[in-house]
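Below you'll find a set of structures to go through.
First subunit A sits with subunit B, and in the next complex the same chain sits with subunit C.
== the complex of A and B ==
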């Protein structure tokens, strides 16, 4: 019964915090665009769309989906998992997927309520399709970063602070709330070199049309590259961590 | 963002318990938290220099003032935030049977006062004051400490209200984190950018606007375009703080009486 109440509360607060931020950012951009020159490729309606869609994406992207790994390392139950025949990384992937799907479902009511507060642009169907592909790739980038962070628990259990720090850096340099194209040029250059940009900025810039069709293959390629690189690193880290557990005896 | 909320409170407990070993982590954590907020402000205001007539320098002062009041509250009154935990683990009942006022006991719990956040808040505020070129005259020197205390009291009022809610709904961590997040996000910008309903809310119902916006408007000589209130209302923060705490205390007594079975 208490679990149900917490569940409902979680749903309510997740949606409510998205809506409050949708409102907040709308007022911020309105105020900023009222007295300053607008960027030519990002008019007011586009930037409000950007921020709103970013917040909706955040429902899915901000989840600690491989948290189970850290929890199991914390209480030692991971030792028994290693004795099971199924591939352990896949086990953690599946464990977090339920939560992700649940939050993905939250996007629908959040979007409907958000439309009461703001107007967002809707791109053409092909662009929307490319956006969804890009969103998925960005999600995978975020997944592996989350996985790597939780893997640090193999060596030290004090990961929560680091996770939060990475989340804030990711949100800023991923262009979650502030489009990277607004950044001063030198910061933009740094931001586009980091994997975080693949998480939010790339899909969002596709959505609002700042990234034009001729660049689709290039930017999706970059995302795919990051997914691959991070997946490879993740498998190395996993193997090193697993070895540590086996040697130490859990 | 829910998992982030849970983690934040795990860290809070971790850092107070294992303070010495985790100081660097706590420092990194706090620097990134405030640093990324200020960095985001800087990035946006570099591209859009004026927000309702406020520049980045103005907003730096706005943020610094909020941060200092919030830091003072965290240093002195964070134990009020521990009350829900005490209620849950039964420790709270011990306080009830003692002759001293229950809330006073909760606040006066020894060993919880770490000045680090306050020092960081003072440094940031000093830097923001210098950077914003705000006029540091006699009025400033007399009133700013009072305003900071008033701001800390406003924070205390909300801390107390949330802890009181624990008498009914034992788990209030997420609620607390949400309120702090909203407080930080809505006080980051001049309140004049919000629609009238929200402005009224932030002034008369949830008086966060008094923590930094009204005082900052006064000392930075900002015209109150969206408000019918005179600029000097920014000096009322200490009084608002006291009123807010008084109201929160009434609510606390209501919850306490219900909890201990006294009264209706």
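== the complex of A and C ==
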């Protein structure tokens, strides 16, 4: 925590940038909706709510919380972690989540400001609860994807190309920028077959009420399935990587 | 019972071979050829509880690879290894609780946190009881003089301060064994002395088993009775420092100040190493002639004003062995 708090300047600049982006997003959607017929399930106030909440979620979700894994493999300092009586992947999860929680603390003032600048809908308490559960599951999906990407460094030590591709696919199919429900049908089908929709689209559609309560169990089930699948893959990859670990230098 | 037991330990690294240049990069996409590098060839030794052993060898001899196998982060290609009854790489976590590690070139402290916070984190990681922790902290702060910089972020510490922090960090959970990998590298004389003092104290008072790898043989001379010398991944000497000095330190140097400038100064059975004006250094084998007899031989023919004898230092002995290989000194000394 203290490590993060050292960078106080960061805090202020990121709040300012969030406010600018919230405002710009609103202008973009206003302009788009002014020229076209609004889709029936996402009226203007819903889309503005959607993209504002997506932006705030992105503050947390877009952090590569396992970046330290890549860095430590790169400079060989992973060795000191392996010399401690701890589960190293759990350590990265705890360390990364700590960092994310710190950034989440930034959201509170941003959220309040955002409410002042643009009007966003606030759902009822039970819906908010389901949204938070879904958000957490989405966070886990994101964590395992980042973790797997950083695990590539066990083999090649260079992971940027792969990360770029995944970022691009996540941007497109995650629903962070454009809601998947306004995609053409065939793209929607692809999107729902990928884990990325679990990260943004599912919690956001719960928030704005496009996903109705009768489908809650189904969509949360899909998220849970992705978490499980990715966790299993991650544990295999981790074990294979740890086995062939070659500490650089020294 | 031995606390560390290594039998025929071997580690081979396999890496992909790539031809240089763009052509090589493209070729590497289609064909894979590997090169095997033997880092540790055949190393056996055993350590008793409470021993302090110097693990010495030139760069690339396999020191760090051995240490990494002992800590469980590298899996041996073959051979048997037991540390406090545990096979390190199959029970990494159980092994980790028994050991402490200090790398001279790598810190386990948290870079942006005040030193004190690193200790607190390690306390949680190793699950050290609160009272034991406070007791150890008090003790270490005393010997290592930590109080002055406990609340300074690690990245602002000098190398000497950081190393002292790293030593305390490695010892906080009362490990049975500590591995010190070049712990005094880059330190000034005073800091080195403080670190050596600490290692000695910990070994004596807590009965901690210590394996010390270093290039600074003064560390070894000051601290350990036993040294293991390795080269090319094999043990070339394992025994007391005295025996090594005995077997290899057969040549001593007699320094003679001549009273007159003898141009053709020469003494039978010795070799002139250097001569500056009237100061002559003579190398002689103490198995062939005693110092007393030699001095007599000199004074029979020449007038001298002063004489002194230089004992071989461990550094030059080890240098000789690196260059010429170890052979048992009992059948006559190597030249």
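In this text, the second predicted complex is superposed on the first by the 236 of 250 C-alpha atoms of A that agree within 3 Å, B and C clash if a C-alpha of one lies under 4 Å from a C-alpha of the other, contacts with A are read in each partner's own complex, and residues count from 1 in each chain.
Going forward, a contact is a pair of C-beta atoms (placed from the backbone, for glycine too) under 8 Å apart; a residue touches a chain by one contact, two chains touch by 3 or more.
Please read all numbers here as calculations on a predicted model, not as lab measurements.
Engineer: Report for A:164: first if it touches subunit B alone, second if subunit C alone, otherwise both or neither.
Structural biologist: first
Engineer: Which chain, subunit B or subunit C, is in touch with more residues of subunit A?
Structural biologist: Per-residue touch count on subunit A favours B.
Engineer: Could you tell me if A:64 is touching subunit B, subunit C, both of them or neither one (first, second, both, neither)?
Structural biologist: Once the two structures are laid over each other on A, A:64 reaches subunit B alone.
Engineer: Can A:187 be said to touch subunit B (first), subunit C (second), both, or neither?
Structural biologist: A:187 contacts subunit B only, not subunit C.
Engineer: In the superposed arrangement, does A:79 touch subunit B (first), subunit C (second), both or neither?
Structural biologist: Only subunit C; A:79 stays clear of subunit B.
Engineer: Thinking of the overlay built on chain A, is A:243 touched by subunit B (first), by subunit C (second), by both, or by neither?
Structural biologist: It touches subunit C, and subunit B stays clear.
Engineer: Residues of subunit A that sit at the subunit B interface in one complex and at the subunit C interface in the other, please.
Structural biologist: Residues 6 of subunit A touch both subunit B and subunit C.
Engineer: Which part of subunit C faces subunit A closely enough to touch in the complex?
Structural biologist: Listed in rising order, the residues are 13, 64, 68, 71-75, 92-94, 96-97, 99, 101, 103, 105-108, 110-114, 117, 125-127, 153, 181.
Engineer: If you look only at subunit A, which of its residues touch subunit B in the complex?
Structural biologist: The touching residues are 5-6, 9-10, 13-14, 17, 20-21, 23-24, 27-28, 30-36, 39, 58, 62-64, 67, 158, 160-165, 167-169, 171-172, 177-178, 182-184, 187.
Engineer: Which residues of subunit A touch subunit C in their complex?
Structural biologist: 2-3, 6, 76-77, 79-80, 82-87, 243, 245-247, 250
Engineer: In their shared complex, at which residues does subunit B touch subunit A?
Structural biologist: 1-4, 7-8, 10-11, 14, 22, 25-26, 28-29, 32-33, 36, 39-40, 43-44, 46-53, 169, 171, 174-175, 178, 181-182, 185-186, 189, 193-195, 198
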